[in-house]
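Note that chain A is present in both complexes that follow, paired respectively with chain B and with chain C.
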Partner chain A sequence: MQLAVNILVLASIYALIACGYVLIYRVSRVLSLAHGELMMLGAYGLYATASLFSGHPWIAIGAAVGLAAAVGVAVYLALMWRMTGESVLAAVLATIALGILLRGAMILAFGTQTQHPLRDLGWQNASLDLGGARISAVALTLVISTVVVYGALALFLRASRWGIRMRAAGQHPLLAAQRGIGLHGIYALAWGLATLTGGLAGMLIAADAGLESTLVIIGLKAFPAALVGGLDSLVGALAGSLIIAAAEVLLIHYVDPLLSEVVPFVVLLVMLVIRPWGLFGTREELDRV
Partner chain B sequence: MKKMLFTMLTAVLPLGAAQAQDAYVLGVSGAMTGPVAGNYAPVVEAMKAYLEHVNSRGGINGRQVRVVVLDDQAQPSRAAANAKQLLAQEGVLMLINSSLSSTYAPMVAESKRAGVPLYFAGAVCPTETYPPADPLQFCSTAFGARLDSQAALGFIRKNAKESVRLGLAAMAIPISRGEIDYAEGLSKTMGMTPVEKQITPPPTPDYTPFATRLKDASPNWMWSWAPWVAQVRTFEAMRRLGWQGSYVTWAHLNAEEELARIKDPGFYVIGTNALLEDDLPIHAEIRAVAAKARLSHPVSYLTEGFVAGLVLEQVLRNTPWPPAPQKVLAAMNNVKVDLKGLRGGPLEWTKDNHFRTRQHYRVWRWDPQANRIVRAQDWQAIEVKR
Partner chain C sequence: MSGYFRVRYMQDVALLDTRTQKAWFAVFLVFLLAYPFLANALWLDLANQVLLASVGAVALMLLTGYAGQISLGHAGLLAAGAFTAGILFKEFGAPFWVTLPASAAVGALLGLAFGLPSLRLRGLYLAVSTLALHFIVIHAGAEYETRRGYSTGIVIESPIYDARHWYFALLAAAAATVLFSLNLLRSRTGRAWRAIHGREAVAEALGISVPRAKLTAFVVSSAITAMAGCLFAYFRGFVSVEAFSLYLTIQYVAMIIIGGMGSILGAILGTVFVVLFPYTIDAAMDGLGLAGRFSSVIFAVNYAAFGLAMILFLVFEPQGLVGIWRRARNWFLLWPFKQRPAR
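Our next item is the complex of A and B:
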């Protein structure tokens, strides 16, 4: 049972992060390599709001989540907008530059010390019993958040007007624009949602394990999960996260913990050889990559 | 016109070279930014602040000390470029490394090429500083491979109420793995049973899968020697899984702050630097210097940098003016530094031993009754002979 819980928690971490990669790629065909940094910025946002609204944890969390979405929209308006019409490579390079800039800025602004946003919120990370297995309160919140985020996104993309527009823009931007859909608005929304979900992942990881600059690398570790599932599929991101997490946890437990570091990339390589567009990805779309 | 030309020429002449004639110039290549900066930047900043404090009191031998700090972001290529720049442009008397071990090789090469001593401050002491030492490499950093495991396992053996089932935790970096492998072997010779060893990748999003395997092996004691993140996350994950044993780990810069955060009586830190809790007269000086220099790091992070500052002060005091790398080297080969209680005894370097002749260890834990950090073991000395 403990193994199942461990897999579920790790899969939720990867899925919540991978969701941002997928949202941006699916809508704009841009691979955001600043996602790890934006995720960390979300976590630092919580650290900042927890200090700012000391004694009011829910306000702090609400403000941090709002801030994360606003940062995503701002990134699009300030930088990625200019990339519209440019080659995909130029856009990807812009996200790399953005990531380097954010990393430096965060060190300058917040220093290099490990921070503990949960303590600053005045909360403790209790250990809970889940049918004989143990899970921390924050890890349970992370699992629930992942379910809620994916459920809400599925509903949004299928049933809401903006969601349908977003899918249309992702499938055929020219046709969507000709039908009167404002692409910049859609792209800004995608960046906002992606940064919100990534930021949420960052906040929850930081609340569970502390906030430090290595969080960026964890952001990159979710990348194979998104690719294995298919870079333009949210269902794929879920499946990919589950596969990678299961492989990691089972290897740690039954074989050698050191293999956990390489197994995501082994799975990814196998997938790229057998099915380069991923489990649930669209073949023609990934051919363009 | 001639006067104007002269003024322009003097203005563009290298400032460093001019200053080098009037001051002891030291060059640091450190991980001041980047993912591991938290371990090194406080050391460099505290060391620099202490030497500025010395300057404000009149300097050393009537001369000022100038410290040139270059950021290598823990990247070997940057460390190599920094070392070249420090030697060629700044004409430093000594190179100082405060960064990851991957930056050592290029700096060692530059140090050898120029015949300038290389001092590791806050960075892991390379084996070349242990006896028989490399002629150019020196180290004052608190932790020492093998010695730390000897001290920690000695503490465990002394305090265990039943036979020791030992769990071991490391990070997947060579130095940490090497130490834990050594501890595993050593524990057997000390009558302990090593039951599980976990090596975590740097970094990992969730330590619970690693902790699960450790907990399942039912150790009653754990020893972890790794970067703080791996040590403490493994411990916290094990506690959440319901593990009740005792956990001994290395006292990194943030140990004092973390003991107060974790507040677990079964969580021990072993180290060679005194904690602020000891409230020594030198701690008041550290607080004053930190406030004056407006250091952003907590005062409890600064001890290692102050130790380096005290060492440099003593070495330069023994270096007659005008200084040269060879004179500095001679001073380093025979120095005994009074660390004013920041460690269990003086730091002594000899011609063959550039680590220290004696390493003193203390152990601390959180006492829930007293609601403060307490000593679990006072200074215990280990002779450094190998």
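Our next item is the complex of A and C:
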């Protein structure tokens, strides 16, 4: 039972992060390897607003979430729009470079010691009993917010005008542009949403386990989850996160705790050999010669 | 009649053709040989680092810059070479002349493993699969360290101690790598690599076996990289997985990006830039009087500045340093009689 809860919590962490990778890739065909750092920036945003609006935790959380979305839009406007039309490698490298820049800047701005944003908000992380298994209140919030985020995203992409535009831009940018969809606006929105969800994940993980540099590694480990499920499918991201989390938790429990770093990547490699486009992804033109 | 005419085929394939080029090359050679006797300890060490890194950078350039196969597993390959050397030395007391070919063999095998996904995957997916292999190699190295009780790393005794001797050893290694690469690139293999970089379908139609070209690219590049890893192990006298983080891969990729894709000269210029960069930052901080304030977080300053430099190159100078060099050379070609284009 405890194992199942652990898998569920880890899967929601991965899923909440992975939807950022999926959103950006689905809309603009760019893989953002700076997602872990952007996530951490979101968590530091909460840390900053928590001390700014001390005594008003809800205002602080709202401000931090808004800040995360603004950072995503700013990243697109400042850097990534220049990379449209460049080669895949150039765009990926630009995000890697951005990640390094952000990591350095965050250490300069916030120092290296572990922070506890939850304490700064003035809340306690209670431990709840859930039919024989223990789960912390923040972890429960994380599971719930993952469900809410995925529900909201599905609704947004299916029903809202902007969501439909987003899907159109992802399917065929040229045709979408000819129908009068402003691609830059759509891409900026995708970056904003991706950073918002990633930032949310960062805030919740930081609230649960403290805010330190390992957050970036969690962000990188969520990326196999997105790829296993299929880089352009939200359902796939959920499924991939469950698979990766289950493999990781079970192998750590039954085989060797040292495996945690490497398991997601082994699963990823197996998937790439068998079915490169992922479980639910659209099969891209991997024209074989 | 004036000018330079190639009248024999040998002249066409010569690496140095004009007399001016030969003269400049001789000057450069003399400089390289005299350098260790002119430089102080710090500059000698920097030169050693540049020479060592340039071997790996040239290898990556062959793979990414010429054959067009993206790899994010470079640190994993360096680690494989270093660990092969370390393990052979520690377990069997093997000398350098055994560990170097052994590293190359392990690198070639791993190159085959890294290359196999490239037969089905391209672009982004290939980058990701090599990234996954990086983590697996590093995990295997860490596993060995903990299992054998060398949790802090493996100490290797180097046959060379003196920095000046190291300089000549590394210079020989770098020169051999560059010469080998230049010659390989002009051969059938190298032309096949450029062809698959351009367009695979056309290359196939021209009679090039694309899988074979891809695999040779991976195997050759990985073997050289693993040898660079072996040299790295001896140079540092110490092998530990911490030295082979993802950041090292990024540094090597930055070397070829900043240097300029598709040019051996670019790989070397990029190496010089990336290796000297942290020292330049240090010097700049000293000059600005900020060194005291940021002394504890100097690595963070380095990170941020390095990321920024990479972004600036990607956005404003995709041709890299070699592009700047070519523009400067073309500008001086007709100097001072520059012709303005007629309007």
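Keep this in mind: the second predicted complex is superposed on the first by the 284 of 289 C-alpha atoms of A that agree within 3 Å, B and C clash if a C-alpha of one lies under 4 Å from a C-alpha of the other, contacts with A are read in each partner's own complex, and residues count from 1 in each chain.
Here is the rule we use: a residue touches a chain if its C-beta (ideal position, glycine included) is under 8 Å from a C-beta of that chain, and two chains touch if they have at least 3 such contacts.
Nothing here was measured: the structure is a model prediction, and the numbers come from that model.
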>> Just checking: does A:104 make contact with chain B only, chain C only, both, or neither of them? Give me first, second, both or neither.
In response: both
> Which holds for A:268: it touches chain B only (first), chain C only (second), both, or neither?
Replying inline: second
>> Quick check for you: in the superposed arrangement, does A:258 touch first (chain B), second (chain C), both or neither?
In response: both
> Is A:112 in contact with chain B, with chain C, with both, or with neither (first, second, both, neither)?
Replying inline: both
>> With both complexes superposed on chain A, which partner does A:124 reach: first (chain B), second (chain C), both or neither?
In response: neither
> Counting only touches as set out at the top, which of chain B and chain C does A:160 meet: first, second, both, neither?
Replying inline: neither
> Is A:51 in contact with chain B, with chain C, with both, or with neither (first, second, both, neither)?
Replying inline: neither
> Taking the superposition as given, does A:93 touch the first partner, chain B, the second, chain C, both, or neither?
Replying inline: second
>> With both complexes superposed on chain A, which partner does A:136 reach: first (chain B), second (chain C), both or neither?
In response: first
>> I'd like to check the shared interface: which positions of chain A are touched by both chain B and chain C across the two complexes?
In response: 104, 107, 111-112, 258, 261
> In the complex formed with chain B, which residues of chain A make contact?
Replying inline: 2-3, 6, 9-10, 13-14, 104, 107, 111-114, 116, 119, 125, 127, 134-136, 139, 205, 208-210, 212-218, 221, 248-249, 252-253, 257-258, 260-261
> Taking the complex as given, what residues does chain A use to touch chain C?
Replying inline: 31, 79, 82-83, 86, 88-90, 92-94, 96-105, 107-108, 111-112, 223-224, 227, 258-259, 261-262, 265-266, 268-269, 272-273, 276, 286-289
> What part of chain B is in contact with chain A in the complex they form?
Replying inline: 33-35, 37-38, 41, 172, 198-210, 212-213, 228-229, 233, 236, 239-242, 254, 261, 296-298, 301
> For the complex, which residues does chain C have touching chain A?
Replying inline: 64, 70, 117, 119-125, 127-129, 131-133, 135-136, 139, 142-143, 146, 200-201, 203-204, 210, 247, 250, 253-254, 257, 294, 297, 299-308, 310-311, 314-315, 318
